[in-house]
Structures are given as structure tokens and as C-alpha cells.
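These are the structures, in C-alpha cells.
Look for chain A in each of the two complexes below; its partner is chain B in the first and chain C in the second.
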Partner chain A sequence: MDVLTQQLLNGATTGMTLALIALGINLIFGLFNFVNFAHGAFYVLGGYLAITAMSSLGMNYWVALVLVAICCGLLGMVLDFTIFQRILGRDPNESMILTFGLALVIEETIRLTWGPTPRNIRSPLSEERVSFLGLYLNAQLLFALIGSFVVIGLISLLIARTTFGLRVRAMTQDFEMAQLNGVRVKNLSAGVWFLGAATTGLAGIMILPAFTLETSGILPTAVMAFAVVIIGGLGSMWGSVVAGLLLGLSTSLVEAYLATGMTDITAYSLLLIALWLRPQGLAGKKVAA
Partner chain B sequence: MTSPAHAAESLTPASSVDYPYAHTSLLPLVGTLAVLALLPAVFLAGDLYMLSVLAGAFLTAAACVGLAIVTGWAKLLSFSQGAIYGVGAYAAGIIATRHDVPMWLIMTVSILAGALTGLVLALPTLRLQGAYFGIATIGIQMLIIGLLVKGGDLTGGPTGIAGLPLPTVWGKELFEPGELYYLTLAWLAVVSLLAGWLWRSRIGWEIRLTGHNSGLADAFGIPVVRRKVIAFMLASGIGAGTGCLHAYVYGVIDPFGFGIQFSAVLLIIVLLGGKHGRVLATMVAAILITLLPEYLRSFADIRLLVYGLVVICLVLFAPGGLSGLWDRAWSLFRGFATNSKGATLK
Partner chain C sequence: MSACGTDSGNSARELRIGILWPVSGASAAITADFVAGVETALADYKEQLDDRGISTKVIIEDDQGTPSVAISGFQKLANKDQVDVVVGPLNSNNCLAVLPVADRAGIATIVTGTAPSLAEGGWKTFVRGTSPNRVQVNTLVEYAVNDGGWKNIVVIHQETEYGDDLRDNTITAAKERGAEVVETIAYAPGTTNFLSIATKTKNRNPDGVIVAGLGGESVSVIKQLLDAGVASSKIGAYGGTDANVVEEVIPAKDRDGMLLISGFTDKAAELQTDDAKAFVADYQARRGHKPQLYGAIGYVQGQMIINAALGIDGEIDKKSMLDALTTRKPFQSVLGEVVLADSNELLVPLWVQKYDKAGEASPVHFYVDPAAKS
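Our next item is the complex of A and B:
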């Protein structure tokens, strides 16, 4: 029983975190048809920046949480101005190649800066356990689960209720028409990149204290998040949540009851099956897949 | 009747400069292969280290020429060539360490296994376009490596397979660097001449037209999806055959050597060669990229960093790659020689 709850919590938290990372990809891919394989960089970087902020600069975990998210967001904006704006509207193949190169560059930079050995982040919650209905749950995982849920809720409110959100939705529906109606692509793009990168950094610093941090996580994270976006349907945030939970729970249950070391096999089989059967996703409308 | 190449050229006026439809001579390719064949005799005679480095470069080049067919010609970005190379290597490793079978037979089995893998993977993925196809191939890459790691006794798990027999050709065991040099060069020659012949053939033209403009290809009555499947199978067959040779040449294989980073390097080489996937350019790019670490001290540490930067710069500043730069230089030269603007590639 204890194993089951632990695995369920693990799976649900991994899934929600993936959904949070997928949120940024969903926004950017939906807006610009731009595939960003370097998106996982913000997640990994979130963890490493947190290590520096807490152990070298002596910051409190909660302060680090906010600062790291902002730093990741700013980095997203910088990358947008310097690189992504230049190839906007070109062949999606080129964005894939370019961001693949960028993922390599960031991964190697992280490895050279922080060293190749896996690291652990200490947070005030990672050793704590919460007793709930007679079950003992890891507080960090619980925090990441609830935190991801809250952030996704807030962002979807932002998209649904504010002028900024209205512009994003207009742009997703019809890029040129929105431009004709006075939406400024550059400002909007900067805002979207900030949001996407900041939420992904936040996902990293929320969940990584429960696991170990490795430099090689960038590409797998991005691909898994893309899997979540594709399975959940492009443009549907709650579709991503369902897909994230599906992916997280099934990988952790397979890991617990069928065979260990099957995470990759399960996850990527699900991705391929989803692409084969429903390229438009669970909740998505028909797109040119 | 005019040749299909000319008909297509007249239908795509603006892009004829950008896209070389014209039949390419095989002479430069044959010449390069001849130079490579003479190299050990002329000035690499005693340099055993360089010979084995070049043998490795030829294997990479052959895998890249295969990948160029699907990524350069059919314009399908495939991130799974490394894993399929691994399938070929493992087919060789599994059979050769258990049974006493001649090398040519295992090679054939590997090529067929690769082509079959390509076919199986192409069926669900080729309906997908652009980004979705790229993501699907990453999924395939990760899945194959995951299966190789979890393969138990069959694949040897994370440690892989060791103790393959030496490559044997006509009853002679090859193990000296010079012999392996000629073995790999022979395979590269077979692969590149096949690809060069295909480039000039009707089917190669159809594959390239499919990648260039699938609507136009459709209008020509070309079965678009079938051509893409053929491109994918060709690339996979060549990749797996090269992987088989790799297993024989090195004698040991492990799953992580064929991981996503290896696939990335292969893809980067093809892009460096040029987006049209021309055979000679791809080959030259592969040999250059493999030799680069030998000439840059302490380059090994930051190899992937440099590759990443190269890719970013390529996409931003020189989308044509080496063959694009060559075309530009050549047309400048031609323009200079004939002293007339625009009378170059049109």
C-alpha cells in the first residue's frame, strides 16, 4: 500500500510538472509554430541556478524560487530577441535544428560550469513528510504537485481573462489578422517567452529537490513535454494536464509493478502510439499534423 | 519527350538556382574516392593512427550519406539514424558472437534488418509532417536505445556486446589499420556511388522532388508517401549496414554509443554538407568533422559545444551548408571568368 501511494504521488507529481513545462511549449508552438528543443534547458537551468543561489549566495529556498523563475524568464526573453526572432516564419525544420544546437550548447555550458556529477538540491521540504489519512507523503513532491496545479490555473486565468491573454489567443487563431488589428508581435513574443521560460524554471526548482539533477536532462525533458503537448492536444492546457498525469502515472506504475528501468520505453511508446492514432491529441481540434 | 528534370525546372522558375535539379556528374565523387584510395600509399604509409581515424571517418561518412537521402533529399528531419546504425551493429553482434556465419551474410542480414526497421517505423510516422515527424523520430531513437539497454542476455544490457570476430574477406582476417582503412573505404565507395547513381536516377529525382515540393510531386503522378518510405528504407539500410561494419571493425558495441548525441552528430554533419544532401558534400563534411578533433588540442572536452555553435551559425547565416558555399564560390568564379552576371546557374 505504501509503495502504491508513493508511486502514485511520484507519478502524479512528475505528470503535473511535465504539464507545467508543456505549458510554455504549448504557448510558443501554438503561436509561432516554433519547435523549441532547448525548452528543457530552463528546467535544468532552474535547478542549477537554485544550487548556486542557495549554496554560494546563501539564499533562502523561497527567495531562490522567485529569483530563479525570474532569471529563467529573462533568459527566455534574451534568447527570443537574439535568436528566435531571426528565424520566425521560416521552415519548422530549421527551428528544430537550431534549438537542437542550442540545447547542446546550453547542456555543455552547464556541464562546464557546474561539473558533470549529478547534484542534489536541498530545500526545507525535501526531508519533511506529511501525514495524511495515515499515509506519509514526501512534502517536496506534494508541494510540487500543488504548486504546478496552482501555476497552471493562474496562467490559464491570465490567458482567458486579461488583455494580454486575449492578444495571445487572437494571435494563435490568426497571426496576420491579429497583427492587422494592432497586436505587436515583438512585445507579445517577449511576454510569451518570459512566461514559458519562467514557468519551466519554476517547475525545475519545485520538483528537482525530490530527485537528483543531471546535465543530460535537457533534451529528454523537452521531448517528454512535447509528448504531453501532442497527446493532450495543441492549444489545450487542461488536455496537457490530463496527458501529463497519464504519462507520469503510467511510467511510475510500470516501474513499480512490471519492470524497473522501463521509464523511457513506456513513455516513448506512449508518444509514438499517440502520434500514430491521434496526431491531433486527446482534446485538440484537427490541426495540420 | 523532354526529361522530367527539365519539365520540373521550367515549372519552378524562382527556385531553380536554389535547387540543383540538373544531373550531377559522378566524376568528382569517383575522383575523391580515388584520391582517398591512394592516400595511404602516398603519404600516410606509416601513420597507423591516422589510418584508423580515417577508417572511423569513412564509417561516419557512409552513415551520413544514408541519412542525407531522407533528410536532404526527402526533407524529413530524422533524429533516429544513430539508433538504426545501432540496430545494424547489434544484429551483427548478436549473430556473430553466437554462430559461425560469414561476414557478407551477416552484413546482408543487417542491411535487411535496418531496411525492415525503417519500413516498420515509416508506416506510422510518415503521415506526420514537419515538427511532428522530427519529434516522432526522437521518440523512435529513445525507444530503440531503451530496448537495447533492457534487452537482457540478448543485447548484453548496458555493457553491450564484446568479442566479435575479426572482419574476414575472402578467407583473410583483416586487423591492421591499413586493411581496415581499405575495408571501410570500400564500403563508403559502394554506398556513395549507389547514392550518386540514385541522385541521377528517376527514383532519386522523384524523392528529391517530393521533399522539395510534395504538391508538385503529386501533380507529376509521383506516389509521395511511397517515395518517402523508400527514402527512409534506403537510409536505414545504409545506416544499419554501416553499423554492422562498425561492430566488426571495433569488436565491441554498447547501447550508449548509438544514443541521441550520435544521431545529433550525424544530422549536424548532413546539414553542414548542405540542405540538399548532395553525396560528395556530405562525405566531405563527415570527414572534416571527424578530423577536426585531431587537429584541435583539448577540443574533445568542448566538442559538443562547438558542434552546437556550428549548427546555430549554419541555420542563421549559411543555410546552404558546404555545398551552398561551394555553389556560391563557383558561381562567383564563373561570373568572373565569363564576365557576365547571372549566366551562372540559371
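Our next item is the complex of A and C:
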């Protein structure tokens, strides 16, 4: 198989994993207009919690996968109760500064807890390689690619078909009107934070076994995921999938055929173009002035 | 940031050592190894220091890998802590930022940055506590070309002064030995996803791939090269790729034939001295794993400082330390005999380590820079 096909597969894998990380941001940002730079912490923490669950507590990878997602979800709820609800509705700059600081605190806490040495999560798939039609892919990444589709699909169904989802959609469309109609913000907020943090923690334990786990990935992960959400359109999960794929494929092709070391330039140029041509995002609806 | 030592006073015979390395961020792991090396040296030589009435104090400042932070960290060490010598920074960019400040303060600064521009700047307080890049490049390329038969080489390098200089040296070293660097691929610091780079490299079908990066980042490159189908026996990495991290991340079965550069290996007969054995035991007790390049470099830089201090009869201060440190007297270290060249660069002999089928690394090639021999 030719290089182009391999690069397209690399790009699709990168894009889908980005879409999965962006899922949590989409839920939270879409609902509360809350910029959370600490969101990447759930992704990195998912990886480190998996190491503890597997090597210290002796769990197998699949049990750890579920447990880590739940732990990250609970942590999201705790942060919501203790910190985020206190600044809800205030100047967005406050949330940006606060969560930026929080990201640094979490990063250093992780470093002090697990040590500075880069770590490896050994899953049953991470050391296996899949080779088909001349294409190569780490089996863990193939799992992450398929898993991302499944998780995003399930969360979309949850939002589209359940009462919880109906309330989330109502609040996303008109926060105050939904409140007046009896939607309890605190309960819903806890649920959304649980879901957002759990899916991001899940992304960490699904994706990171294919890479190397380091503490320094929190802010870059959050910023890249924000780019995906903005390009895709706030509140649209499938918009994030398209945006993630667009970003993954573009960076992969630029690195393959133009110049390497261009990931950030490509991604943020796409963001600028998207904001210029379609500020509401690919799947977002234009709001009348 | 933190301090430890044998005495808290600032007496005339107190040696104050400032360490300015990236304690947080991506290079934190190698910093921990390096600091453990310095502390092991101070512990091993405590008796000699006590005999000469010298107490020591180590103050560690985090430069965060950022030039502006490195400058303020240096100023704090110089003005508030009044150190007699500074060890660091690690990154060449930070060294370039700090050296003019060091010259103004008159404090000897033992950098680990390997960029050639550091030695060319004419700074009177500059001491390089490790070999310049050409030494590790020639060590690996000599073995890879002569013994590994690598004729077409791809270099994957970090887009920094460190990585760019390794790339340029590799092109020259390969050419001198009748081989060719057929492609150089740069990546930005902080990159985690190397899938495209790995595919591009695999498609080039080279005899060998040399990774010129630092810490976990370069191990990520290696992991993704293996996932892309590049054989482990075609992969080599310079000293910024720590063997401890390689062994943490790459499974034993996937390391067969891989080449790494190291300043220290306890398997080399030449390094089986009593001092080296004691170093390995002490370091392992302190750090929980065997010393590799950065642990050994930390120890050697500790030895440099201790040797200098032991040679001072009067007051230990920044001036006497600068004079003593720049005395070109070869000394026996855990890395073998090391020499301070005229350019104030330490010339450290280096090893190529090769992994076998069981995933164990053994030294296969030893290289001494011609300048050190002369």
C-alpha cells in the first residue's frame, strides 16, 4: 500500500482520538460557556490512574478502563462542586485564569505522585502491531480509533434520546428558560461534568498506551481539543468528529508532503481559517445578531 | 527551591553549589538522575571534604527549560544564595541566556548544553561539563557505519539548537566514513504524535535511523518507528535518549539490535574500578535504578567541583572556584580519564551500547575524541 494511504490512516487515527478528547469539552463548554484549560488533566490523569490500577492494584486493563473512567468522572464532579460552580456565570477570563492555574497544579501533583520519568501503560494491545494490505498500526491505536466512534456514538444517543439529554440540549439552547422550566442546574451540571471528565479519562487510557505518558501534555491537549470543538461547532459531537478528522488528516499530510514539525502551525491555521469563513463552526448554526 | 547539605552557615570553607536544571516539565526525569549523580559524588567524597574542613550546601533552582526563568534562577543563586559555582543549565538555549549573566557575576558555570556556540562565545566563566556533540555523534556513527554497515541514514531530530547541531554533525561524520544522510526530519519540542514521521522514515527504507532528541520525546519517536515497521536493529539514538526510559517504554523483545550512546556502563571491563562499583551501588540506593548517562555526568561534574574545592587552601569563593575549575588537570572519573580541553569543554569518552535478543544492553564500542588523546 502506498504512503498516502498510510498517512491517511495515521491522520484518521489522530483525528478520531482528538474528537474523543474534545467530546468532554464540547459537553461542558456547550452548556456553561466555561473555558476549562485543565480539561487535558483528565486525559493525562486517565493514563496515570491506569498505571496505578494495573501495576499497584493488579487489575487487568479492561477493568482499569472502566474504573479509571469512573474515577475521572467523579473527580470532574468534585471539581465542579468545589470550584467551578462558584465562578459559573462570571467573567470568562476568571475561568480561563483559574483553570490555567489548576492545570499547572494538577501537572505538578501528578509529577510528584508518579515521578518525572516518562511511563508506559502496558495494555494487552499496546505491544501488538496490526499489519494489513501493507499498512501498519499499533493495535492499541486501532482500538482507540474504533472505541472513539463507539463512545461518541453512545454519548450522542444519550444526548439525543434520553431525558437527561433533553435537559442538556434545553440548557445549551437557552440556559435561563430551561431553569425557569424546572431544570435543576446543579444536578445537571454534576452529570455533565461526570460525563465530560469520564469520557476524557477514558480517552487517556484508550489512547496513551500507544504513546509515552508524560506529565507535560495537559495544556497542549486541552488547547488542541478546544480547536477541534471550535472548528466543529459548539455542541455538535459529529461536528467535532469531522473537525478532528480534518485536523488529523491535514497535519498528517502536511508532515508527509510539505515539512515536518508543522503540526501546531497547520492546526491553528485551520482554526483561523474556520473562524474567518465559518465562525459558528462546521456544524454550528448561525446566530442572528 | 530546595537545599541540602552538611552545614547551613556561609563560612569561608563552605562550598555552595547552585544547580540550575529543569526540575519540572519534560526533562524533569533526567534532572532527577543528574542531581542524584551530583549528590552521590558529594556523599562519596564527604570524608575527604571533612578532612579539609569543607562543608557543602546544594541549592536547586528550576529553570523550567525557559531562558527567562533560567536568568532569574541564576540571579537568585548568585545574589541571594551567593553560590560559589553553578551547575547548569541543561538546554543550550538556556545556557546562552545565562552565560552573559554568569560572566558579570564572575561565577563558574558548568553547563551541560552541547551546542558549539557556547564554547565559541568567549565567556570566561564557561565550563562545559560534558563532551561537545561531535563526540557522541562520532561514537555512534563510527560503529553504525563500520560495524552495522549503515550506508543510508535518516536523522530524526528535535528542532532546537541541540537537535540541529546533532543533525549537522551526523551529516559530516557519515560523509567522512563513506555513508550518507539521505533525509533529515525535524520535529518540534513537545510533540507526542510521530505517526507521520515514522511512516515517512519507513518509506525511505534506510539502513539506519538516528534519533537526536531528549528524554521521553525521543523514546516516543522510537516506539512509533517500531509500530510503523522499522526494525529495531536499524535504530540508534544519541545520549539524550536515556536507557532507563527506553527500557521502561520499549518491551525487551522489541529492543534487539538497537544502539544507544552512554557515558557510563557498568558492564564495560574498563570501567570496573572500585570507585565505579561504589558509584553504581550508591547511586542505585539513592535513585532505585542503575546510573546511565545523566547520572554519571552528574557524578563527574560533582567530582570536578570537589577536586577543585580540595585544591583550594584558603577561602572558598566564586573566584577561587573559577580558577581551580579551569585548571586543566586530567582526572580519573567513573567514565574513565576525563580531560578539560583548551576550550573549557570536558572531553568524556563514550560508549555505544547494543541491545540483545533478551533486551539487555552491552557495550560494543568505545570512542575517545582525538583532542583528548593529544
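Assume the second predicted complex is superposed on the first by the 271 of 289 C-alpha atoms of A that agree within 3 Å, B and C clash if a C-alpha of one lies under 4 Å from a C-alpha of the other, contacts with A are read in each partner's own complex, and residues count from 1 in each chain.
The definition used in the following text is that contacts are C-beta pairs under 8 Å (C-beta built on N, C-alpha and C of every residue); 3 or more make two chains touch, one makes a residue touch a chain.
Bear in mind that the values here come from a model prediction, so they are computed numbers and not experimental data.
Contacts of A:3 after superposition on the shared chain: chain C is touched, whereas chain B is not.
Judged by the touch definition given at the top, the superposed model places A:211 against chain C, while chain B stays out of reach. Looking at the shared chain after the overlay, A:220 reaches both chain B and chain C. By the document's definition of touching, neither partner reaches A:124: not chain B, not chain C.
Shared-chain residue A:86: touches chain B; no touch with chain C. After overlaying the two complexes on the shared chain, residue contacts for A:108 are found with chain B and with chain C alike. Look at A:261: by the touch rule set out above, it reaches both chain B and chain C.
Applying the stated touch rule to the two superposed structures, the overlap between the chain B and chain C interfaces on chain A comprises residues 107-108, 220, 259, 261, 264. Against chain C, in their complex, chain A makes its touches with residues 3, 6-7, 10-11, 13-14, 107-108, 111, 115-120, 122, 127, 129, 131, 136-138, 141, 210-212, 214-217, 220, 251-252, 255-256, 259-261, 263-264.
Against chain A, the residues of chain C that register as touching in their complex are 24-26, 28-29, 31-32, 159, 185-188, 190-193, 195-197, 199-200, 202-203, 215-217, 219-220, 223-224, 226-229, 244-245, 248-249, 251, 253-254.
By the touch rule above, chain A contacts chain B in their complex via residues 29, 33, 35, 83, 86-87, 91-98, 100-105, 107-109, 112, 219-220, 223, 226-227, 230, 259, 261-262, 264-265, 268-269, 271-272, 275-276, 279, 288-289. Within the complex formed with chain A, the residues of chain B that make contact are 75, 77, 124-125, 127-132, 134-136, 138-140, 142-143, 145-147, 149-150, 260, 264, 267-268, 271, 301-302, 304-305, 307-312, 314-316, 319.
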